[in-house]
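For reference, the structures are reproduced in the following blocks.
Look for subunit A in each of the two complexes below; its partner is subunit B in the first and subunit C in the second.
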Partner chain A sequence: MPPVSADGYLGKFRREGRIVIVGASLAGLRAAETLREEGFTGTLTMVGDEPHEPYDRPPLSKQVLLGKVPYDHTALPRRRAIDAQWRLGVAATGLNPADRQVHLADGESVEYDRLLITTGVRARPWPNDLEADLDGVFVLRTKDDAAQLHHRLKAGPRRVLVIGAGFTGSEIASACRERELPVTVAERGPAPLVGALGGVIGGVAAALQREHGVDLRCGVQVTGLEGDPAGRVRRAHFSDGTAIEVDVVVASLGATRNTEWLAASGLGAGPRGIACDAGCRAFDVRGIVTDDIFVAGDVARSPHPLFGYQFLSLEHWGNAVAQAEVAAHNMISASSDRRPHVWMPSFWSAQFGVNIKSVGVPPMADQILITQGSLAEHRFTAAYGHQGRVIAAVTFDQAKWLDFYERQIEQAAPFPTDFPTVDRRPEGMQPQSAGFPDPSLPSHGPTVTLSGHSPADRRISFTPLRA
Partner chain B sequence: MTSVALLRQITDYANRADPYPLYAELRKTPVVRDEAGPYLVSTYWEIHGLLHDPRVSSDARNLGAEAAEFRGQEEDPNLPPTFLKLDPPEHDRLRRLAMRPFGPPHSPRRVFDMRGELGEIVSGLIDGFRDQDRIDLVDDFSYPFPVTVICRLLGIPREDEAHFHGWADTLAASLDPVQGTSEEREAQLQTVRQARADLATYLAGLIEERRRAPRDDMLSAMADGHGPDGQMSPLEVISTSALLLIAGHETTVNLITNGMLTLLRNPDVLQRIRDNPGLAVPLVEELLRFEPPVQLLPQRTTLADIDIAGTLIPQGASLWLLLASGNRDPQRFHDPDRFIPERPDNQHLGLGSGIHNCFGAPLARLEAQIALTELVRRLDNPRLVEDPPPYRRNAVLRGPRHLPIAFDGLKP
Partner chain C sequence: MRLVVDLNRCQGYAQCAFLAPEVFAMHGDEALMYDPQADDTQREHVLRAASACPVKAITVEDEAGAPAAGRAGASRVG
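And now, the complex of A and B:
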């Protein structure tokens, strides 16, 4: 048991307090488990807008689409009982920090002594509402999305169009090819994964897609989706004037933070997420940190000491778990026992038979060096450099080396690296430009975003280009 | 403790039964240079770091002249090195080729599907204890079980065990550093060369048979495989199958024996696994931490100067990574000298880590889980006859040579 503060408030709170967690997915569940694990015995309320108990999302764009795992077999394993009051299928619609109340879609309110916000992100929909409503047009974020998309893929569509070649879009395309479905991928950037990993690695991702039979079209936009009289999507038009016949369209345009419900709350919440300090405490719009509202997971943006203390937003599974654990610990600990969340950004993806893993913040880089292996063989390790130091690394089917590069990032090791490694090839002798696109033109979106130093960032909004 | 003859103390047979106090001494200096040349690394995070460090090579050709001199071991000039002693990309290619018929992604069910077969072999061996009240676990169980398994997996006739047993023992012992006078060393090396040649000749004949008439075994698959990496050369098939044959039983024998020894020393844990066979999974992990069959990795070298834990290891140095010591590092494991089957966060080094992590790990785990569960379930009141038992000479592949166990009878 952590020590209890002298005034006894904390002890009483830990025994009888009320904690509300808004957002019943990975971060929310792991936070709840940590609260109980660390001895919180008060009431715990879990609010979630989806009707499902917490489930795991990474399989949705992989095993579920392949039919290897049924969509309803994705429930997150429970580490322990959490003895919570569940309010599932009810979205939170507002927050009143003065009264310490969360307002719910069913008109009720829940009071809290301390609040944890883990509302995550949702898929950015196809911007044209009429086209988005056509039968056969999907996004993929939830288990219901995955169930419907899987059902449709199973029926054997003549062609699938994936709009946006970020990680989710590329994984969907990969699943389609594994199902031997014809698939077109449209990416308005110069290559797949370019926002997350830059143009050099994007080139490898493009080669992978084409080798697996994807009709990959980069540098084009989808200008319109056309339906038949029955309202089923039939045709997609591109900015280069071409068109294709399609039965299924998946818009993979990145994610939007679920913060709209906080618009009137006075919290520092906006399209980039909710600003919080390294201890996961939310900032209000004045830049003052709150002491009873905590944030964790994809919806959080928090300053990171390794990356110039810029606010960092991460859509990473491991970050959601680690940040939830820190937030939960800090919620029930005295200030002196609180811990900072200094997670090393890391993620993985599986597509076209390749395991892709990355650590650090690649989009911050200006240069890249292939330190091991070969781009042409699609098996390599690359280090990213930012102003003379190692800032990130990525591996294609070489994940076992990544620990080493993580240490290099932590130690701010010099870039380009000046030591020999196993499997160094001629292409690994000279760094080259990493080839990140202009960040003011988001496409599928990177999964790590640096968003400046202001806790009250509300400036950035995404406006899709229309033809 | 000075660095004098640390290495000799590790290989000293007097420390075989309980090397852990020596490791505890060593950990006071995480990286230390032995007077004979190699750098000994004894702490968890330093070992873990070096196992994932691309500046560390497993290829002896990268040793500096001085380090190579000490090492005294030689590569077989007639056979290509195995992936154990290679770096990427050659290591990766050979390991992928060997993995194709063994594990994911191409053969994800191979080990899982052996479950029933493993259970039958174990039952058969234990049934053989009927009418006895005392066995030598090593000779009667821990050795024959994994040998039978690796023979079936590779496609080697079990009855040829009489031939290759001696060769395999010699080659397993050759992982230890060669010591003694130069005549003694030369004699040792000569024995190793002969064993290697004999085993290679034996396997070459078998592989040729499989090439002509393939069966559902790994020798056939490696001899006749084809995939994106092409196929192994005939000599690569020989050296790889020799590696798998030796590694497949010379390590598992120790895992099972160490396991039973540890259970008999901890009767409360023995009772718990008897009551709850599901405990076998974390128990084997704890066993791999507590008494790892591979105690140390003596064949790494540095491609660059590496600054670690305040010591600069120069390029070309020989590295000894003391896995068993890292597994007992109190900076990493709480109460490390206690055997706690339910230990949380048990990321031990017992199967290595990084690209050279144990190739046969899934099989070794399953063998140990099934063996230990069945032994404790069926042996009535098993007892150690002597403690410590007599150990094999090997320092690297450490384990008892015999483990006499007395018991009152067999349960069905």
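And now, the complex of A and C:
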């Protein structure tokens, strides 16, 4: 379809073009709905490696492990009908941008005029294959993972070992304690959540775990998993020379981006994700932005003006939705009508009875100030500062204040904060080091990764786009 | 019936937990846990909860598989 004029091509494409979405989870589904909502009437193909229709993952480590919701009850509600051809249970294995073809695991190929990549991430497995294959060793990412793990927890194991105290690992440990199962958490870093929230808040997370009866061991590595003659995991060994008896092990070592299938495609794709511009268009390996390949969700990394134009990879539910909507809009719009993806990073976690929420990019911060409430009470608001401006905020059971701090981040408000707050305590008078570990030291990964060159680090004013 | 709550938006007002207690429950002081595939007999309660949510965080699918509560639950952009 060579364009006669840009508008002529776009009109024809919107009427009868072919769009393929590779990745049939949250981002892929919301993108498909947006395409139809905005008037795309051509052919839409959804390719997904899992055999299931799009489902929601956050409940898997919470309601599902607690037995409150069956593992197969998290299918995502549809905002509208999408009239798509579904290719589920078939992974994409390759991409040929010159021929505009996606190659599939069943040997077939699908042709596209524009492609959206939303292949997301997968759980990083326990690195020793033989140990990972032991019966009782799990990861948690898919609903099949959740079904197996829940089944095993229900059987009442003598002890569960969670390796890695990031958000998923901590939520699993929380569910185990709520089920009154003995649980050990092993974390290589100095505290749970330290990579995402820093050492000050990590200290609170550690206290929460211990108060709820978790055997939390920080600064140790699991050096080996041992099985019995029947191939069931029985014992775990730690780098401090100790060992424990376990029936269930969950490796919560963070995520790996699903980009291997793009290795020969010429796209700028690698272990950190697929680089794209603020309009969600993928870069190729030469650093040239593509016209017909778009990226959204966990697998994307894109520059953000609020955070020094660094490329952000966000493993956040809300980012998947917002970026999918922008990508879909841009796929079927003229360049002058395109929108930038300038979403404020936000996430939540529920663990040990506490609602943890975050806005901004905490790992960019060097300092932290407890602006409201108290760390000791596990109910507080923390503002994070980076070179004199507010860069992030985290609440424990104080979500109502977050909108205010979001505006502070957007306005690059000064840090330490100069406004009075309700319930400010003595600990909120002086900023302290946020306590992020040296990124070169091993720990669980943060759910936001900063990468790339910052051309300028100066204050900017930010005017959010009104949809 | 399928539903999803945008927990970035949710601020723990707990209106839903009062209006549809079979489907929504507070877990601790502020965290919300809900049944993403509630029984169809709960539809009226769930729709009432969705429209009462002060931050419009609840998306409900209607019987035909299309949205029931307008753009409730649509994400913010920008």
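Assorted remarks:
One rule holds for everything that comes next: the second predicted complex is superposed on the first by the 444 of 467 C-alpha atoms of A that agree within 3 Å, B and C clash if a C-alpha of one lies under 4 Å from a C-alpha of the other, contacts with A are read in each partner's own complex, and residues count from 1 in each chain.
Just so it is clear, contacts are C-beta pairs under 8 Å (C-beta built on N, C-alpha and C of every residue); 3 or more make two chains touch, one makes a residue touch a chain.
Since this is a predicted model, take the numbers as computed values, not measurements.
By the touch criterion stated above, A:Val354 is placed in contact with subunit C alone, subunit B being left untouched. After overlaying the two complexes on the shared chain, residue contacts for A:Lys400 are found with subunit B and with subunit C alike.
The wider contact with subunit A, measured as residues touched, comes from C rather than the other of subunit B and subunit C. By the document's definition of touching, neither partner reaches A:His237: not subunit B, not subunit C. Shared-chain residue A:Arg18: touches no atom of subunit B or subunit C.
By the document's definition of touching, of the two partners only subunit B reaches A:Gln372; subunit C does not. Once the two complexes are overlaid on the shared chain, A:Arg339 sits against subunit C while remaining clear of subunit B. By the document's definition of touching, of the two partners only subunit C reaches A:Ala81; subunit B does not. Within the superposed three-chain model, A:Glu325 lies in touch with subunit C and out of touch with subunit B [touch as defined at top]. Of the two partner chains placed by the overlay, only subunit C lies in contact with A:Pro58; subunit B stays clear of it.
The residues of subunit A shared by its contacts with subunit B and with subunit C are 353, 379, 398, 400, 402. If you check the complex, the residues on subunit B that touch subunit A are 48-49, 52-57, 87-89, 92, 105, 303-304, 354-355, 357.
Here subunit A touches subunit C in the complex through residues 56, 58-59, 62-63, 66, 68-70, 73-81, 317-318, 321-322, 325-326, 339, 342-343, 346-348, 350, 353-355, 357, 379, 397-400, 402, 464-467, going by the rule given at the top. Across the complex, subunit A is touched by residues 2-4, 6-8, 10-12, 27-37, 59-61, 64-67, 73-78 of subunit C. Of all residues in subunit A, only 353, 371-374, 377, 379, 381, 398, 400-404, 407, 419-423 touch subunit B in the complex they form.
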